[in-house]
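The structures come next, written out as C-alpha cells.
The following pair of complexes shares a single chain, chain A, combined with chain B in the former and chain C in the latter.
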Partner chain A sequence: MQAGWKAKFLLGLSLCLSALGSPIGEQFDEQLTLKSLRDGKVLSRFSFTTLLKGASPRNPQTLGSDDISQHYTIFPLALGQILREYAITEMHLTLNAGNWNYDRWGYPEEAGVGTGAELWAWMGDGPSDTVDDRWKGLRNALAGLFCASLGSLDEQRTTAPVRSFEPEGNLPDWGPPHQIRHASLASEHVCTENLTPFLKLLPCKSLSGIASLLNPHRLFDADWHGMGVHVLWREGEGVEVRLAFQSISDPVRYSLGRKQDWDFRTLFDRTIDRKCPVAQSSHVVVALPTSAEFDISPEPTSNAAGLATFDVATLNKPLDVGLRWRFDFQYPLDFDSPTSSLSVQRTLRGSSQARGQLSLVLKNHRNTSLHVVYLETMPWLVQFYLHTLQIYINGSRNDDAMSDMTYMPSIPHARPATFQCVLAVPPGGALHLTMDVAKSFLRYTEHPPDAQRGWDLPPAILTPFDPTSNRSANDPIGGRIYTPALLVDLATPDFSMPYNVIIFTCSLVAFIFGSVFNLLTRKFVVVHIEPTKDKKE
Partner chain B sequence: MEREVARPVPPWARILNKVRQRLRPKNATETRIRRRQAMIGLLTRRLPWLRLALFCVGYIWMIIIPSPQLGRGTYIDENALQPGQWALNCGQVNTYWSWGDVHTADKYLAQLEVLRDTNATSDQRAQFVMKEFHRLGISASTQSYMFSARSGRREGTNAYGILSSPRTSGTEAMVISASWLSRTGEGDGTLNLRGVSTVLALAGFLKGYSLWAKDIVFVISDGYMDGMHAWLAAYHGSSQSNLEADRLELSSGVIWTALNIDYPGHSFSHLGIFFEGLNGRLPNQDLLNSFQRISRYTGGVPVILYDHLDPRENPGHSDLPSWLPPSIRGQREVQTYAYQAKNVARHFMYQARGQSSGVHGLFHRYRIDTFTLFALPATGPHGFHAIGRIVESTLRTTNNLLERLHASFFFYIMTGPDRFLKIGSYLPSAILVSVAMMFGGLRVWVDAGWKVQSGSEKPLAGSSTNTTPLKWSKRQRPVLDVLCIMAFTHILGALLFSLISTSWYIEHQTMASPLLFMLLAILPSIALVFPPNADPHASGSRSSVLKALNLCIASTVISIISVLNFSLAALLAMLLGVPLSISSAKGPIHIRGLKYAGYTLLGLGWLLFAKEQARQAIWNWQILSVWFAPFACIVYVPLVLQAGLVCLLPPDS
Partner chain C sequence: MGHWRDSDPLLDMDFTPDPSKLSFQADSVRRKIISAYWTIIILALPLWWYTTSIERLSLPSSQVASNAQKRLQIPVRLAVDVGSEGPLVATQLQKSLNKRIERVPERWDGLDVRVSTSAEAVDGTYIICSGREVAVMRDRNLVYPVGAQSISGLTDVLSDLIAPFPSTSEPEHRVAQYSPRYRLSFSLLNEDAAAGNAFTEWDVSDAIARHISPILNRVSILHNFTLESQVQFHAPLAFNPQHLDTIFGITPEDLTVFVNSAEWTLSSSASNDPVLHFVLFIPSAARRPLHILNNEGDISPSNAFLLPQWGGIVIHNPSLQDIHSDAKFSSAILDPIFSAFSSHLLSLLGVPHLPTNVQTVSRTHDALTDWQFDALLRYRALNNAQRSKDTLQSIVNLVGQIENMPVGPNVRDDIQNALIALEYMYDASKASLTETLRHSARAFILSSRAFFNPGMLALLYFPAEHKYAVYTPMFASAVIPLFVAALREVAAWRRERKQKQ
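Then we have the complex of A and B:
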C-alpha cells in the first residue's frame, strides 16, 4: 500500500516536473567510450543508464496479489513490466556476435562477451510461482521483446552456476535465498532485428544524443559487436537499467590497410547533431594513445589521466570526434602478444562421430600463480567421461592443480551437465586439461533443419580470483573470460535422400513380411511328379 | 445359359480363356513345380554361358567407361554454393583482386626466391612466413614435426596463420594451403614458390573484407605430403606412433572445405584439378564443379583434369598412338574416347593404390572436402592475376555454405572437367564380374559335394530321382582341410607384410625381394602334405573345394571393395576374375606346376618388378595409413596363391 502511494506520488511529481526538464526520480545518463587498440582496431562502448531512484524489485511473496501500478517517463516500460511480472531482482541479457579476442583487446568493459545469446537472472523464491516457472516466463517475454530465439534457452540449456555469476548489485533480504538461472545459446545470430527493440528502450531512441550514432549499417559491419541489457538493484539507490552496446571496428580495413585514424563519420557514418534533452549527463570519453603522435579534434572539454572527455550538451553540434595519427599504421611486432593475464584455448578434438576429446589450455602471463574457476555448461549432446580427466602442468602430469570440483551430470533430452572446478596455474606456466567425451546419437526428429552443420556448444567460462582474499569470486581479477564456442559433429543421417531411404526400408520390410507370411500360411503337401523325358538332373 | 451359347464368343474372350487356362491349369501345383525344375535345370545347364556373358558384359562395361555416350555433364547440387552468383547478378565479373595484389604477390615471390637461393632451412622459411603473417595483422605460428618411418626420418616446420572472421563465432573454418614442394613428379623437389606467394598475398587481400562467415586458415606446409599430414594430425588431435609434432598454438573451428594451391611454373595456361584422396576417398563433386564454373566464367581460365590437355581444344596434342590410320585418329568420337580414357586411367591409377594425387588427399580423412588447383606450367597467358581472382571467387562460394557439403556427390568418375559418371553407370561392371565369379564358385561347390554314380552301384537312400539315368550321390566336402590351407596362405601373407615393412627389407630390397619371392612360392606347397583323397565317392577333392571357396571369397571381396574404392575393385576384377575362374587341377603334373608358377608370378610379381612402387606403398602405410599395402599382402596375394594351390593339389579322380 505504502509503495503504491509512493509510486503515485512519484508519478504525479514527475508529471509536474517533466515539462521543466529532467524528471526527479528517474535519471538517465549516457556515455560513449572510445579506445584505440594495439592492432589498429577501435573499441567503442555505449552505455545508457537509467536509474529508478528509490525503487526496489518486486518481492516474489507478493506475486499472488496485485502489483503497484507502473508509471515511468524515462525508464523503459516494456522492460519494467516484464521485471515486475516475474519478480526479477537482477537480470543480464547479452547478445553478441563474434569472438572477443582477450589476447589482443584485453578485458572488455562489459564482462558478458560470450558468443551468441546469454541470459542470467537472480530471483527470490516465492510461494505461488516457482523460480523455474518465472524463468521460463522471463525468457519467453524477453524473446518477444528482443526478437531473439531466447525461447530455446529451455531446460536443456538452463543451469545454476552460482560461483561464476555473482550478482553485480545487491540482493534484498526477503527470507528465502535468491537463486540464479543461467542459459546461453551460442548459435544465436545477432543482427539489426535485435537492435531496433533495443533502441526503443532508450528515451531518445536513436534520434538524438549519443544514441544517434547507433547506425546499424556500420555497427553490424564491425569485427565484433554485442548488446547487453543489465538490470540490477543497488541498495539505497534504486533499480538501475543499463543498456550497453560494445563494438570493435577496424578503421585500418576501411582505409585499405594504411591508417588507423577514426572519427564518428568513419566509425558510425553519423555525427551527433542534437543532444538528448532528458539526459542528465552525456559524455564521450576517448582513451588517448600513449606511444604515438596524434591529433584529436575538436578540443576536448577536459583532459585528464590519458582520457579526453567531451560533453555533448555543451559542445558545438554537429559533433564529430576524431583521432588522427601522424604516421601510417603498421602492426607492431607484439600486436599478438597477450595483454590479459590469462590466455585460453579450448578445442574439441577428434574427427570421429562417436568420441572426442575436450582440451583446454590455460596460460598464465603473470608472475604469480593464478586461480581460476572453470565452468562448463555442456548440453547433453556431449557427455563427459570424468575418469579420463587429466591435467598437465608445463607438460607433466599433475592432477593436484584441480580442486573444488562439482559435477552435475547431464540427463539425455532433459538437462545439461554442469562441471565446475578451480584450477591453479603456476606463474608463467601452462595448464593443459583433457577429457574424453562421448557424442550422443540423436533421435532423427531432434536434428535441426541444417543437420549437417553440427551443434554449437556454449563457451566455457573462466573466472580468475585471488584465493588469499576472503571474498573469493566476488573479487575477480579482470572478470569472467569466455572461451570461443565449439561446433560438434554428431552422427547425422543423410537427410538429403529421405525418399530413397524410405523406399529401401519399406521394400525390405515388405519383403521380409511377405516371405514370413507366405511360410506361415502355406500348406505343405507332398506332390508326386512323373519325370519327363528332357529332364537330366 | 442357352442364350450365351448361342451367341458367338468374341475373339478377345477366347484369347482370355486360353490365357486363363494356361495360367490356372487343373494341376496347378504340379505344373508350377515342373516349371521351377525346368527353369533350374535350364540355368544349371547354361551356367557356363551365363558366366561367360556376365564376364563379357562386365569387362566390356569397364572398357566403355570412358565412352562419351555413358557420362553426363556436371551440375551443381548444393544450392547454397551459388558459384560466381554475385558476379552474374552484377552483369560483370566482379572480383576485387587487383593488379596491386599481383604486385604484392610478386614481392613475396622475390623474397621467397632469396630464401631459396640462400638454401634457407625449413625453420627459417617458416619463421619468414610467420613474420609476414604478423606484418599483415594475422595471428600466426609455426609447428615443427618429425616422422620416423622405417625408411628414414623426415622433419620440417609448418607455418600457419588464422584470420578470424568478423562477427562469427569462429566455429567453422576453411583452409587455403600451399606445400613448399609442388606435386610435379609427386613431390620430386620442384618448389611451389608461386603457390606460397599466392597464399601470402591472398592473406593480406582477404583480410580487407568483412564478408567472411568462416575463419580462414592459411597453411604453408613443409615438404610435400608430410608437413600437411603433421599439421592436420595436430589440428584434429590424432596421434600416430611414428610422428612427433608440436601442439598447435592457435586453433580455429571445424574445417569444412579447403583449397590447395600448386603453382610451380612461371605462368600457366590451364588450371588442373587433382582430387583423389587417400584410400580412394573423393571430395564432394559440388566443390569441383563450382571451381570449374568459376574458373571458366569468372577467371576466364580453362580447366582440365590433372595435367591432361584436351586434344580437341589443343590440335597439336594427341593422346592416340601414331600407328592408327589418320582416318580413325581424326574422328572426334575417337579423340574424345582417347582423352577420357586417359583421364579415367589416371584416376584408376591413383585411386586403386589408395594414393593421393596431391596434398589435398590428406584432408579427406577428416571429412574435409578439398582438391588441388594445379597451375599447368606454360609460357602464358595467365599468372597471379587470374589465380587470385579464381581463388577469391571460389572462397566466396565455399563461404556461402550453411552446412557441410553432404549431398550424395561422393561417388563419381570424372571423365573430363565437365563430364562425369554417376555411381550407377560404373559400379555394375565390377559387380557383374564378381557375380560371375560367385556363380562359378557355387557351381564348383555343388560339384564337389556330388558325384555321378556308375550304373552298377545302388543309389543312396532318400534320393527321389532314382529313375533318372544318371545317379548322383552325395559326398563329403573336406571343408576343414581347405579352411586350414586358406588360413595358412593368409598367415603367409601377413608374414610377408610384416617382413616387407621392416627396415631390414627396405635396406636390402634388391637382395631380399627374390628371396621373399622364392620363399612365398615354395611355402604354400606345404599344403601338399595332406594325404591324397582316398575315395572320390566318399569325399570331394580338396582342390575343388578350395577353388569354390576361393572364388566365393574373391567375389565377396570385390563386391565389398567396389563401394569403398571402385578402382581397386575394378583392378581386382581384372586381376582375379578370369585367372581364378580358370584354375583347375586337370592335366599332367608339369602343366600344373607351370600353372602354379604363373599364379605365383601374378600374385608376387610385384616383389620383383615393382620395387619402387612397393617401397612407396609401404611408406604410405606407415606414415599416411593407406591400407593398400596390407590389403595386397593379406588379401590379394593369398587369394592368388590359393588359385595356384588349386592347380597343385591332387585333382578329382
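Then we have the complex of A and C:
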C-alpha cells in the first residue's frame, strides 16, 4: 500500500516536471499577437522569448582570460558565442523593409521599425579591447550570422546617441560606465536569406509551434515586415533574448477587395500542426474588433478585455485561428486620419547636387503640449549648416521651441554628424524646422555599385517624453518614432568610361606639353624665297 | 600672301633680323632647355620608381634552405633492467630495432632510438623489466617476459609504443591539424522533438567532467580548449534512412552525408579556432531504432562513428525505460556515449592506441599513459617541425615566383621568428620533449601566419597591362617630342663638330 502511494506520488511528480516542459534554468515563451487595423490590414507580431535564468553578461574586465564554458539547451549557442566573445550587455538588431505608417497603424508593438538595418548595443568598458574594437567585432559577427551587410555599419555610420536609446534592461555595475554604439543602414534589403538564420536561432526553428507560421513566401509578400533580435539583462532574472517578427498583411488584397476576413491559411498559408515541445507558454492573442459583428473560430481558451487568447499547447491541432466579419469591408471615411499623438514628416528639398534643405514637420494631435527628443544621425555625405536652422510654430518664427541642443559635426570620410535637440510642440499645433545642408562631392572609389540610385539617409528618430518627470520615459506617450528614410542624389561621375577620361586628359596634357615644348625649342630660320619670274608677272 | 611681299620686298630683305641672332634662339639656350627637361625626367625617375614599386623586403631564403636540410632528431632512450643478462639483451634488442628502422625508415624518421642497461638510465628513459607473461605497463615502465626468444615480440610491442604512426612526417588523415586552441562543441540533436519521446535536457557538464576533462588536463601542454554545448530539437537528416523490416539503417554511403550542415547550426562565427564536434543524435520517434549498416547490409554492432578531422557522432536509440522515466538523460545512458566521445577525442587529437596485447596498470586513473603521451608529443613536434619548414620554403618559393607579391615587415618578422623558434627547437630536442614541442608549435604558428598574411595578396591580381594602359596615352604623346628634339640636337651638334674639323 505504502509502495503504491509512493509510486503514485513519483508519477505525479514526474508528470508535473514533464508538464513544465522546459528545463530549469532556461525558459522559452512564444506568442503571436494579431490585430485588425482600421484600414483593413492585419498586424501580426511574433515574439519568442528565451530567458537564461541567473545568467549575467560577460564582464569586459575578463576579456583577456578564458571564458566560462557555455552550455545551453534552449538559448541559441550561435548568439551566445557572439555575446560572450565581445562582452555585450545589451544588444538590439532590427532588419525592416518598408515604412511604418504611424498615422494609419498607430505605434508598433516593437518600437524598432526604422527602414533597413539598425543595430545598437550597450557595452561596458574593459582593459584589453576598447568598446570600438568590440563594436566592430560584434557587427562583423552579426553580419556573418544574419547574412546582412552589417559590416558596412562602420565608423562612418556609428554614433553614440545616449538619450534616444536608453537601455531596456539593466546595466551591471562594473566600475567603468557603459557606452552605447548605434548605427543604421537604410539601404539594407531584408529578404529570406536573413529570415533563415533568424529561424535557426529558435529552439523549434520553423518546424513546430507558433514559429511554423513563419512562411517566407507570405511574410515577404506583406506590406511591411521586420525582424528583430533583442538581448538584454534583467537584474535578478537573467539574460533575455527576444526574437520578434512583425508584419502588416492585407487580407483585403487577397480577397479581391471585398472582405477583411483572415485566418492562418490566408495570412501565412500554414497552420500550427504541432506544439513546440520546449515552450513553457505558447499563446495566440487576437485583438477583437470593437464596432463590428464578427465570428472567431475556434473557440478561444480565454476571452478578456477585447483579447481572445488561444493556448496552442491544449487546443486541437491543426490550429487555424480565423476572424470573419459579417459584412464586406468598407474603408472608413477617416482611415487616413492620424491615430498617433504625433505626425512626422521629414523631407530633403532642393534639386541641386550641391545644396539642399532639410525640413521636418511635427504635428501634435493631443491637447497638451508635447516634448520630443529629435535625433539626426547624418552620414558625412550631407553636412548641416546649423546657422540656417529655423523653427516655425504654426507658421510664425519661434526658435525658442528648441532647447538642449547637442551637435557633433561630421568629419568627411570618417564620422557622421549627430544632431540632437528637444522640440516643444504646442497642443494641436505644428512645428516646422528647416536647415540648409550641403551635399558632399565623393571620391571615385566611395560610390556604391549602384551610384546613380542615390544614397539612403538613415531615418531621424523622435522620442516623446514627459518633461515633468526626470528621465525621458518611453511610455505612455509612445516610444521612438522613426521617420521614413531619405534618398539623396549626389554628384555622380560617369563610371562607364574611365579609360576614355584617361585618354582625353592625357591627350590634352600631351597637346599642351608638346606645344610649349616645341615653342621653346623650335629653331627659327629665315627662308629666302627667290621671287620667280612667273610671280613677278 | 605673296602679294604684299611683292609690293614691299625691302621689308623682309633688309629689316627683319636674322632669327638665329636672337638671344633666345641661340643654340646654347635651346640645348639648355632640352637638357633641363631631360634632367628633370632623370631626376624624377627614382621618385617614380620609389612611389610605384611594391614593398618587397628580402627574405632570409638561404637560412630557410639550410633549415630545410636540418633534421629534428628526438632521442628515445630505452633501458633493459633484467639483472645480469642486461647487456646481452640490450645489444640484441638494439640490433633487432635497427633492423626494423632499416626496413621502414619513414616510420622511425626523426627518432634516435638507443638501448642501454638500467645502470645508464637517465631521467625520461623507458625501463623494460622482466616480469610475468602478460606485457604490462606502468608509467614509463614496460614489464615483459624478456628472454632470448621473445626479443622479436618485444620489438613489435616497442615499435607500436614508440612509433605508432606509419610515418612521422606525414600527418595522419584522422588527426585534426595542430592548433594551440580547439573548441569542443557537444550537441544533442533530436531529429524531431515534436514527434514525442525526445530528450530536452542532458547533464553535459557532469559527463564532460567525468569523461572528457581528464583527457583535456593531460594534454593541456599541447592545446587549450573551449567547451560549449547545445541542444537542438529539430535536426532533420538530409537523406532518408533505409527501412528494413523492424529497423532503420544508414548505409556507409549515407554516413558521408550524415552531417546536415544546412539545417544543423553547428558552426561558430565568433572565433577562428578549429572546432571538434561531438554529436549525439536521437532519431525521430517515427524512425527508431536507427542503426548503422556495414558494407554487407548487416547491422553494425556500434552506433558511433568518427568523421576524420571533424568530430565524432553517436546515434542513440532511447529504450522504452528511458522514455518513460523523464526527458532527461540518466548518467547510465550518458556514460557509454561519452566514453565513445572520449575515444573519438583521443583519435582526433592524435593519441595513439595501445597495442592490443598490452594492458595498463596505473595507480591513478590517468586518461593516457606516459608512453602514449610521449608518442603524441613526438608526433606533434616532428609534424609541426616538418610543416613549418615546408611552409617557410613555400613562402620563399612563392615570393620568388610572383614578382607582384608584396612582402611587408610583418611577413619578414614572422619568418625570422619562425626560424629562431626552429633553432630553439633543435637546441631543446636533446634536453626536453615538451620544450621541443613548444618551440615547434611556435614555429608552425608563425610560419602559417606569415603564409596567410592578407597583405601579400593585395596586388597579386593586378596585371601589368593595366599599367601600360594608363601610361601609354600620356607618355607616348609627351615623350616622343622630347626624344625627337634630343636626337635632332645631338645630330646637329655632331654635324657642327664635323664641320669644324
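As a working rule, the second predicted complex is superposed on the first by the 487 of 537 C-alpha atoms of A that agree within 3 Å, B and C clash if a C-alpha of one lies under 4 Å from a C-alpha of the other, contacts with A are read in each partner's own complex, and residues count from 1 in each chain.
FYI, contacts are C-beta pairs under 8 Å (C-beta built on N, C-alpha and C of every residue); 3 or more make two chains touch, one makes a residue touch a chain.
What you are looking at is a predicted structure, and each value in this text was computed from that prediction instead of being measured.
In the superposition on chain A, contact is made by A:D223 with chain B only, not with chain C. When both complexes are overlaid on chain A, the residue A:P338 reaches neither chain B nor chain C. Looking at the shared chain after the overlay, A:P172 reaches neither chain B nor chain C.
By the touch criterion defined above, A:P426 lies against neither chain B nor chain C after alignment on the C-alpha atoms of chain A. Shared interface residues of chain A, touching chain B in one complex and chain C in the other, are 525, 531, 535-536.
Here chain B touches chain A in the complex through residues 29-30, 33-34, 37-38, 41, 44-45, 134-137, 139-140, 164, 166-172, 204, 207-210, 236-238, 249-251, 253-254, 365-367, 402-404, 406-408, 465, 467-468, 470, 472, going by the rule given at the top.
Only residues 2, 5-6, 9, 12, 16, 18-20, 22, 25, 30, 33-34, 37, 185, 192-194, 196, 198, 200-201, 204-205, 208, 224, 226-234, 236, 265, 268-271, 325-328, 469-470, 473-474, 477-478, 481-482, 485, 489 of chain C touch chain A when the two sit together in their complex.
Note for the complex: chain A touches chain C at residues 14, 17-18, 21-23, 66-67, 69-74, 76-78, 81-82, 84-86, 141, 144-145, 200-201, 203-205, 207-209, 274-278, 499, 502-503, 506-507, 509-511, 513-514, 517-518, 520-521, 523-526, 531, 535-536. Looking at the complex, you find that chain A touches chain B at residues 39-40, 97-99, 101, 115-116, 186-187, 220-225, 250, 252-253, 256-257, 330-331, 333, 335-336, 345, 347, 349-351, 357, 359, 450-454, 456, 484-487, 489, 494, 496-497, 525, 527, 529, 531-532, 535-537.
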